[in-house]
Structure formats: C-alpha cells, structure tokens
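Per-chain numbering from 1; labels A, B, C and D assigned in written order.
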Amino acid sequence: MIRIGIAGYGYWGPNLARAVAESGAARVEMIADMSDAALKRASLRHPAAALTTDIMEMIRSPQIDAVMIATPVNTHYPLALAALQAGKHVVVEKPMAETVANASRLVDEAQRRGLTLMVDHTFVYTGAIQAISKLIHSRELGDIYYYDSTRVNLGLFQRDVNVIWDLAVHDFAIMDHLFESKPAAISASAAGFLSNSPENMAHLTVHYECGAMAHLNVNWLAPVKIRQTLIGGSKKMVIYDDMQASEKVKIYDRGAVKGQDDYAHLVSYRLGDMHAPALSTKEALVSETEEFVRCIDTGDTPITDGVGGLRVVEMLAAASRSTELRGHPVDLVSLKVAS
Amino acid sequence: MIRIGIAGYGYWGPNLARAVAESGAARVEMIADMSDAALKRASLRHPAAALTTDIMEMIRSPQIDAVMIATPVNTHYPLALAALQAGKHVVVEKPMAETVANASRLVDEAQRRGLTLMVDHTFVYTGAIQAISKLIHSRELGDIYYYDSTRVNLGLFQRDVNVIWDLAVHDFAIMDHLFESKPAAISASAAGFLSNSPENMAHLTVHYECGAMAHLNVNWLAPVKIRQTLIGGSKKMVIYDDMQASEKVKIYDRGAVKGQDDYAHLVSYRLGDMHAPALSTKEALVSETEEFVRCIDTGDTPITDGVGGLRVVEMLAAASRSTELRGHPVDLVSLKVAS
Amino acid sequence: MIRIGIAGYGYWGPNLARAVAESGAARVEMIADMSDAALKRASLRHPAAALTTDIMEMIRSPQIDAVMIATPVNTHYPLALAALQAGKHVVVEKPMAETVANASRLVDEAQRRGLTLMVDHTFVYTGAIQAISKLIHSRELGDIYYYDSTRVNLGLFQRDVNVIWDLAVHDFAIMDHLFESKPAAISASAAGFLSNSPENMAHLTVHYECGAMAHLNVNWLAPVKIRQTLIGGSKKMVIYDDMQASEKVKIYDRGAVKGQDDYAHLVSYRLGDMHAPALSTKEALVSETEEFVRCIDTGDTPITDGVGGLRVVEMLAAASRSTELRGHPVDLVSLKVAS
Amino acid sequence: MIRIGIAGYGYWGPNLARAVAESGAARVEMIADMSDAALKRASLRHPAAALTTDIMEMIRSPQIDAVMIATPVNTHYPLALAALQAGKHVVVEKPMAETVANASRLVDEAQRRGLTLMVDHTFVYTGAIQAISKLIHSRELGDIYYYDSTRVNLGLFQRDVNVIWDLAVHDFAIMDHLFESKPAAISASAAGFLSNSPENMAHLTVHYECGAMAHLNVNWLAPVKIRQTLIGGSKKMVIYDDMQASEKVKIYDRGAVKGQDDYAHLVSYRLGDMHAPALSTKEALVSETEEFVRCIDTGDTPITDGVGGLRVVEMLAAASRSTELRGHPVDLVSLKVAS
C-alpha cells in the first residue's frame, strides 16, 4: 500500500489526509507541519501517522513513497522539487508554482525521474465537471462559443496570492480539461479595495484560437457565495451551479425561436427543453487520490498532471501581466504582450 | 390633460401607450406606425386614439403636446429632432441616439426651446433602483467599490444594434443614476457567434474616477435569463436580483470575519445579517410617465433627462470603440483612446 | 363575433375583459358594475363597450350573447341562473356557487337550454397543467400515488369566503382535470387567527378510490407566496412550481436507488435524471376565452364545464363539513359523514 | 476526560464518534458493532479506540463513562436501559424508544440513578433552531399561530420504522423546544405506496392548547429534498429553509396591508421588510456533545433530556394511533381517542 506523507496540515491538508484514509488505496504514513497545534489536530484524526515539524525530514524519509503538498504557495516549488529529487511521487496543491519557469522545472524533474507529478485541481474530478466534459467531448453541445464563470464569495483575504491565483486558478484548470482549442490571449482587470491586501476582485477574458471566449468573474468581497458557470454551444447550453444541492448541471436545448415581425426585439424565456443528468456523488478528492495511486502503480499520466498544471500557471502569469497593463491582452504562447 | 402621440406600436410602444392610459395623467391621443397590423392591434386597445401610418404627420399635428418614440434605433434621432422642432415634448426610447453628436444635438435643441426631453431608461424608475439609490446617496453602503451586473438571456438577435447597445445601455443608465463619481475609461470585449448578426455577447469594465470598478456581462445567447447585480461598498453590500418575485434587493452587512491562524484561507459563508427592504410595487413605466407629465407641467428636469441620456450614449460609444481595439481601455472625456 | 357582457369589473373582471379583447374571438360589448369608479376604469380600457350599473339589465340585454360573471361569490348563483334563463351562455368565476344544490341547478338549467356553461378554473388552461395532464394521461408517470400542494401567501382576508373556498378551489379544479379516479372522502382542519375573519389556514386530505392521496396546504397568512405541487407516480415524479419564471414543471425519474447494507437509512439526494419540458407560454385566460367561444360555436363541452364545476363545489362542501367535525373524514358521494 | 462508548457504527454512529473527537471534550474510548466491516471502517477513523462486536460487553465495561446508542430503533430501549443499569450516562438516538412505557421507564431509571439521559434530537442544537427559539421566547414573533413543516426527500425505505417515526420525530423535537403551550391532540393520515414497506408518506396536524396549529408533511418518496418550515406569529413570521447554504432563517414583518376597495381580494406580494440574522455555524452535533459532557460534569438537565424525549414519543404514539383511526384526532394527555 502506497505510504503518503502530508506536507502542511492547515486549511487543506486535513482534507487530503482524510481523502487518503477514505480511499483505502493508500495510507497516511506521516504528517508534517511547523505548527504544534496543527500536529495535535492531526494526531486526533490520524493517530497512527508519524508526526514531525520538519517537512524536509518527512520528504526525505524512506518510510514514505509519495508526498502531498498543502503548504503556502511560495513553498510549493521548493518542496515539490525536493520531494521529486528524493524520488517521491508528488501531488502539489494549486497553483503548482509561482512562476512558469518553476512549474516547468517541476515537470522536467518528474519526467526525467519517471515519477508521477499531479496538481490538486480538485474540481476536475467532480461529477459535475466529468459530466460536462463528456457533453463537450461527445460534441453534444456542438461548437463551444463561450465559458462564463462567476466565482465570488466573502472570504478572508489571503496574504500570499491575489484573487486570480486563488480563485481563477480553478476555472483555468477546468477550462484546460474541457477545451480542445488552445488559449491565445488573456485580458484581465483587477482591483484591491482594502489596504495592504492583494487584489480581491478581477475580471478575466480568455480568447481561444477557435474563436471561443471565456470570461471569469472572481471576487473575495462579494455579499454571497456564487459558483455559477454558463457554457454556450452551437447546439446546446449548460448551466453549472455548484451551490445547488442537486441538479448542479442543467443542459438546455437552444430551442425553436419563433418567427417575429418587423418590430420584434427580445423573447424573454426560451421554449426548448431542459435536462439535468444524474451526477456521480463520489467525493472529488477521493477520486483524485485514487487517480494518483493508480498512476503511481501503472505509470499512466494523471488527468491533472504536471503539464496541465504548467499550462494553468502560464495562464495565471499572463493574466497577472495583463492586469499590470490595464487589461491590454497578453498572448499566451510566449507570454509576450499582444500587438 | 397632456395629449400624447405614440410613435411606433411594435414591441415597446404598446407598453408606453398602456402606461399613459393607466397613469391617468395624460391621454393617448394618436398612435403612428407604418404597419397596418400594428395599427389594428392599437385600435383594439386604444379605440379612442387617432391612427396614422405617417409618423411625421403625427409629430407635426397640433392635436398632440408630446411624443413618445418607440421606433427602431436609427430613427430615434431624426424623429426626436423633428418632434422638438415641432415644439413637442419628447420621450425617446433607449438608446437616445446612435452617436454622441446626435444625442448632443437633441439636448441642445430641447434646451434652446425649453422643452422637456426625457429618455426612457425605465429601470431607473423601479422600486428596486430607487431603494438602492437611497442606500447609496445616504452613504449607508459606505464608499462604493464595485458594481457587477449579469444581464443575459436567450433572445432574438436584433438587427440594428448589438448586445451592448441593447442590454448594457440599461446598466449604464442605472450607473449614471447611482454613481456620484464620473466614469473615466471603458474596456470592452465582444463576440458574435452567429453569422450576419451583430455581436451577441460582451464583457465591459468601467473604471471610475473614484477608483470604483463596474463590470457588465451581457449576452443574448444564454441558456436562461439572469438579471443580477452585486454592489460592493465599504460598509455594506447589495444583491439586486430582478428575476425574484419578492426580495429583489438584499443588503448584507460586511460581517465580523473571525480571526484565523497562519494557514487560514477562505471562510465560505459570512456571518453578518441580511436585510431585504420593502420595495414600491408601482409599475416603473407608470412612474416614468407621471415624471414626464410633471416635468412638462413644472419645467423641472426629469430624473432621466436628455443630458443623462447623452452620458449613456457617450459610454456606449466608448465601449464600442474599445471592442474594436480588442479591449484596450478608451477614455470617456473626449472619446480618445487611453494612453 | 360573439358579444360578451362582463358582470363585475372589480379585481378579476378587468382580466376577463382584457382576455376577450386579446383573444380576438369575441368582443367586449357591455360592462356592468355597481361602482361608478369601476365603470370609469372600464371606460379607459374598453371605450367601445357599453356601461351600466344595473347587472340584471345587461344580463337581459339582446345586445349580448354571453355573460362572464366576476362578482362576489354569493351572487354567482342568482346571476348565472338569470343569465341562463335569459338564454345567454355563461362563464362564472370560481367557485361556481356556494352550495351543491345551487351548482347542480345551474348545470341542469344549462343542459335543458342547450347553453354553454363554463367555470373559470383558469389554472387548468395553463401550459403547466396541460403538460402535466399529458404526462398523467399518457401514463408516463405510472400510477399516481399522491398530489401534494402548498398554496400560501400573505393576502387580504376575504369577507365572503374562507381560505378553502378561495385557494383550495384551484387545486380541486386541477385535481378534477388530472385524476381519473374519483375522490372518496375528504378530511380537513382549518383555523382562523384573526377575529371577525373567516378561516385563513387549512390542511386538507383527499382520499381517492384508487388509493391515491391528495393533500392541500392553503394559507392567507404566510410570510411569502408559495405555489408548489409535488405529484408522485410509480414511474416518475413531478414538481410544479408556479413561482418560477421558467422550468415551472420538472419531471424526475425515480432513479436507481443503490443497494445498502444493514444499517442503511436515507439517501439524501437521488441519482436519476431530471427533465423540464418546454411549456406553452400562451396566457391561460386567453386560451380559456377561446375555448368558451369554440364551445358556443360547436356545442362542444368545455374542458372546465359546469359538471366539473359542480364536482369542485361538492369537494368544497365536503371539506367545509369536515372542518366542522374537527377533521373527521367526510364521504363525497352523498356528503354524508364517513363511518 | 469523559470516555465514550459508541454503540452501533452504521449510518449515524460514525457522525457521533467524529463529533466526540472534534469536540475535544470527551474521548472515543470504545466502538461496538456486530458487523466486522463496520468495525474495520471504525478502526481507520478511530485507530485508538477499542473495538468489539459485543455491544453488551462495551456497555458493562469499566473503561467507559458514557454510551452513545446509534443502533436500530427496536434496540434503543434494552441497550439504553442496560447502560443506565450499568451506571453509564446515555445519549440515545431518536426516537428514544418504541413505546411511551419504555421511554418512561428510561426516564425513571436515569432519575433514580442520577445519571444524564439525553436524546439525540440534533436539529435542536443547530444555529437555525437556536435563533428561532430566541425569537419566540423573546416574544419577537408575538403569539404563535402556526408551525408548518415540509420534510420530504427520496430516501431508502426503512424497515423498522415508518416515515412518522423517522422524519416527523425531528419536528416533534423542534416543536417541543419552541412551543411553550402543550399539544392537546394529533390527527394524522399516512399512506404506503410500496408493498412490504412501512408507510412512506404522512400528514400530521397537532392542535395546541393555546389554539396554535402545527402541520407536518413527511414523505420518503418525493422527487427532491425539501426542508422548509413556516412559522406564523401575530407580529412576525419566519421561514426556515434548511436546504439553503446561507440565510436559512428569514424573518418577515407582517407588513402594512393597504386598504382596499369593495372588490379587493388578494395582494400577491407583501410590503414589509425581511431580515435574515447571522446564524452560528458551529456543527450541531459538536454542540450537542459538549452539552452532554457539560451536563455529566455539572448534573444539569440537558436541553434535549429524557423527559423531552418521552414527550416526543408520546406525540409519535398519538400520531400512529390517529393513522389507524383514519385521521380521527387523538388526545395527548392520556393517549385516549378524542371524543
């Protein structure tokens, strides 16, 4: 049984550890966190796991086969690199790294050593995204026109990353999974309304090579939590509302729009049918853990592998660059500013 | 009693005529439309009104005191100008004109002749916007950080205007009413997915002089109708959801966000209270008609006067220019491209 | 063209008159109301109609072919009877009469004279109920297990009828249209919390001969308006939520419920698909008016004819009797108390 | 630290064990379940706990101070009795026992021995019910007119209890906590649509001595999960919707209902304000565990003590008796049929 070390037992680490325990496919062998309080919490839930305040010690330990990294963003790269260099398979929390160069270096290291490198883009493993993925790749939606996401809530402001790196990263990972076309350029505007805090609100537009357009609205300072994505296709359209307890994914026929006379303007409500498919209710993090273990065993490439994680970091970097240019579009291929 | 002539009895004209009849403050004296079918419908609902297929004849008729213009957009300017020149008070459908120059010309003409010129920005007269206006102008929300609107539906594509001129115009009028600060620059991206049709989807960002940011998401090709606006202030935040049958406006305290340890990331749900004020249920179009009649009688400036309508056209023109520049921000003062 | 007389131009009469005008299938020839203010309102909307404060005069007038009665409940019977005796076709507002005997007398009078007698059970003509009717009569839902309706709101208390006669009447008419089986007995509890007012809250249970059970929750003193009906069948289930702007009718597969171990209790969310069919958006009252005119022309029996209206009154009477018996079930056939 | 034994590790036992671990106020010392598979799951989550397939052995063990019983309903009484007789404090899953006599016997046994006896009526400990409780007991709602609950979902059918004992039990416990008045009589109708299964649908009406009326709609065979309660008071009204992610409790002013003319019927939407208070987000089961430990330490009476649990069983028994009498109301005091 694969022996897992959990690096970081703060906000997300406990979820990773629990998913490992519940999957039954691997074992939480060791947990590392600099905080004694965190380790005390860990011991209550995982009494059989070894504990340490020295993350590097755990990474190098021969007792573990793989590391899951859930530490602050600026430590993702050094810890993941050290783990790969120690011969461990790695799952790293999103975003994979703070720069394209570092993300790329992790991909290289994993490939050179034949190790499994996975990024924890959890949403990709949800029943909702898997259902939408099937709809798109089976061409049931037709050509994809747009992806339009609102991902806002009232949250604590993070200190080390802004709202783009914290929230838009989810959509970039989902889009990387759903779109067959490549993103060509990104335009982004961001604003920070509280002093001494990173930007808390941003609007991003991604232009795809196929002509499709994606738009993301991310905000830490919204009155309520909204997680809603509209996807428009030439044949059908989708609403994915992650805040619904059921019917998270609704598929709409374009519908027969009636002929209208000369003055016709808008038809308020459509006439087509709507369909909400049954979704898998398996917890995404458990599916993700199983995928990690399966790829370690088989050598397969994970659904959210390091290369995909690198593409996501490329998009994040381009978006950041665009915000500095007041929204001027930034090309993705080489991160140069679009002419 | 003010005698009104209705120019255009297609999609919107019947609503104007009905509002006049219901207000009791004015009378539908004449209805003009080039279509016989439209006039037949008009005669069923307004049997006492004179009918004509010659709009100019009605505009010049001494039998009417004021004209309400609900014709295609490209005729707004010539018809409104002719009506003013004939000494009639005018309500013109939104957008007021197709160019800033023409809108400006209408303002001048009305001022010179001392006539009431009003633009039919109906939303401004709703109980919801009036309640939000009070919240903002009483400083209950504190400083305004952002206005974020989603205005999408599945509609018939218009032939003469694109989605910005059709839908974003509503938000521009609302913003003109709510914001005390001036818009400095607009950045907009638009896309048209159907051939031979104007753009059907756009995202617009408006930068205000005070630092506030507005964002509009407008789309004719969405699976469902959404009319939702988030307004963030330094003290409170608002959700305005026009699709709700009740509680269209909800006001949220920022709430006490708990202290968190080093790993703290997001708090999913806020802890503050929410309040939904009772709103006036009076029909906006009737309030608007009463405002028109009141201003004709008193010489007062209407809430949505020609000058405000001109500012809205300036924003529309700037947004259009930005879409041609792939989203490059366009300054508003002189409609020159932002450096 | 059928010439219609509108008896009563208070709350509902204007809607009937408008529906007649919009249908184009008949003409509002005359409007009668005892209130001068009501007639003034009528003249603004229907300037071509003759007006009178004497309803009986209108009923007897040779200028009209049919009467639509929208007066207080206790006048339904005498006015409808007088109209039938004057040889007019009749639409009478719900409930058709205050007693089974009087409702029965109207049915007899209409049959004897070969006149069309229709009850204005408007909901039956909505796109939603017509779609549900098709689902049930095509056996797509399988055997009907239950009909469970919540019909509550904060309203003005009526003086002449209680909440059962005001709100439950809608469900009884819908059930009469949907169920093939006959109601066997009704049990009802009611309460009135305000002094000098009829009962404002009631719960009713209807036992059908086939074993199905219907339950109605009606209340004038609720904090919000709810119009939601669950219909359970052996194959599929339906939610009909009339407060939704779209997707008013949702059809759920029973779904494959997974096998469970010995301790299994509840599965929170179902796994089957959901489907929301496109509904006709035609206004119910216009469809109803067309049905009335069609039946006058052809001699056909209307969908909501007097016999159905009589069955609804029988259910109302049984429910009232049960409330007097503290909820003891009352048999429907002969209105005797169930043993 | 209080040492807890968990009796039954099937559906609910794991939640109790987790709450104990998270509260930090007590320790999961031992877990008993007849199923080896269940114990294997228990060992993954609670590796430090002793395990046994012999529940009676655990109950008698000197290693534990208190027992939490989450076994099938028909074993609640014998196991709770054995635990009390062994000198252990007890939390027993709802319903406390299958008969009033047995529930009463448990209360006596606990009182005689000075042990803490608590029933796991979890909902009472939620932030929502605690907020509503404050509203009622501070008289902010005024006199309580009604409590109207819809508690339906598509679930697996239970074998040992029907839907009344499974779902209505929650409302009875909540009502026992909220109402100051005593329930006088209960009328209930139930139906079972699947063969070899207990009743899956029921409607219950509870008449209180003060004149208030409660109604419960419980159903295992509904298309969706609904958890909605309306509470009407003379001053304010409440909606408690447990399926909402936020704003679970909304408080409505009665609102000023406008004067109306003679024909006035209904006002669709109310005019008063709405307020949604911030609710504690602490997990109810953790609060409940803390209450249990606190009462063991201090000798205080728990919020949901055995006497309250007994009252709930009395209501369940009266409801069951009424279903056998076709809905005839059953008095509560002595469980005799109401005359």
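Operating definition for what follows: a contact is a pair of C-beta atoms (placed from the backbone, for glycine too) under 8 Å apart; a residue touches a chain by one contact, two chains touch by 3 or more.
Each chain and its UniProt protein: A, B, C, D = Predicted dehydrogenase.
Remember, predicted model here, so these are calculated numbers, not experimental data.
A.B. asks: How would you label the chain C (Predicted dehydrogenase) and chain D (Predicted dehydrogenase) contact, same or different, if same means the shared numbers make up over half of all numbers there?
C.D. replies: Over half shared, hence same.
A.B. asks: Applying the document's contact definition, name the chain pair with more C-beta pairs in contact, B-C or B-D.
C.D. replies: B-D
A.B. asks: For chain B (Predicted dehydrogenase) versus chain D (Predicted dehydrogenase), what separation do you get between their C-alpha means, in angstrom?
C.D. replies: So the centroids are 52 Å from each other.
A.B. asks: Find the geometric centre of each of chain B (Predicted dehydrogenase) and chain C (Predicted dehydrogenase) from their Cα atoms only, then give the gap between the two centres in Å, rounded to an integer.
C.D. replies: Each chain reduced to its C-alpha mean, chain B (Predicted dehydrogenase) and chain C (Predicted dehydrogenase) end up 39 Å apart.
A.B. asks: For chain A (Predicted dehydrogenase), give me the residues that contact two or more of the other chains.
C.D. replies: If we look for residues of chain A (Predicted dehydrogenase) contacting two or more partner chains, we find 224-225, 245-246, 255, 269-270, 274.
A.B. asks: For chain B (Predicted dehydrogenase), which residues count as touching chain D (Predicted dehydrogenase) in their complex?
C.D. replies: Those in contact with chain D (Predicted dehydrogenase) are residues 245-247, 253, 255, 269-278, 281.
A.B. asks: Which residues, counting only chain C (Predicted dehydrogenase), touch chain D (Predicted dehydrogenase) once they are in their complex?
C.D. replies: 8, 10-12, 35, 37-38, 145-146, 148, 150, 152-156, 158, 166, 187, 189, 191, 193, 201, 203, 205, 207, 211, 213, 215, 217, 219-225, 230, 232, 234, 237-239, 250, 252, 254-255, 257, 260-270, 274, 326-329, 338
A.B. asks: Would you tell me which residues of chain A (Predicted dehydrogenase) are touching chain D (Predicted dehydrogenase) in their complex?
C.D. replies: 21-22, 24, 44-48, 224-225, 243, 245-246
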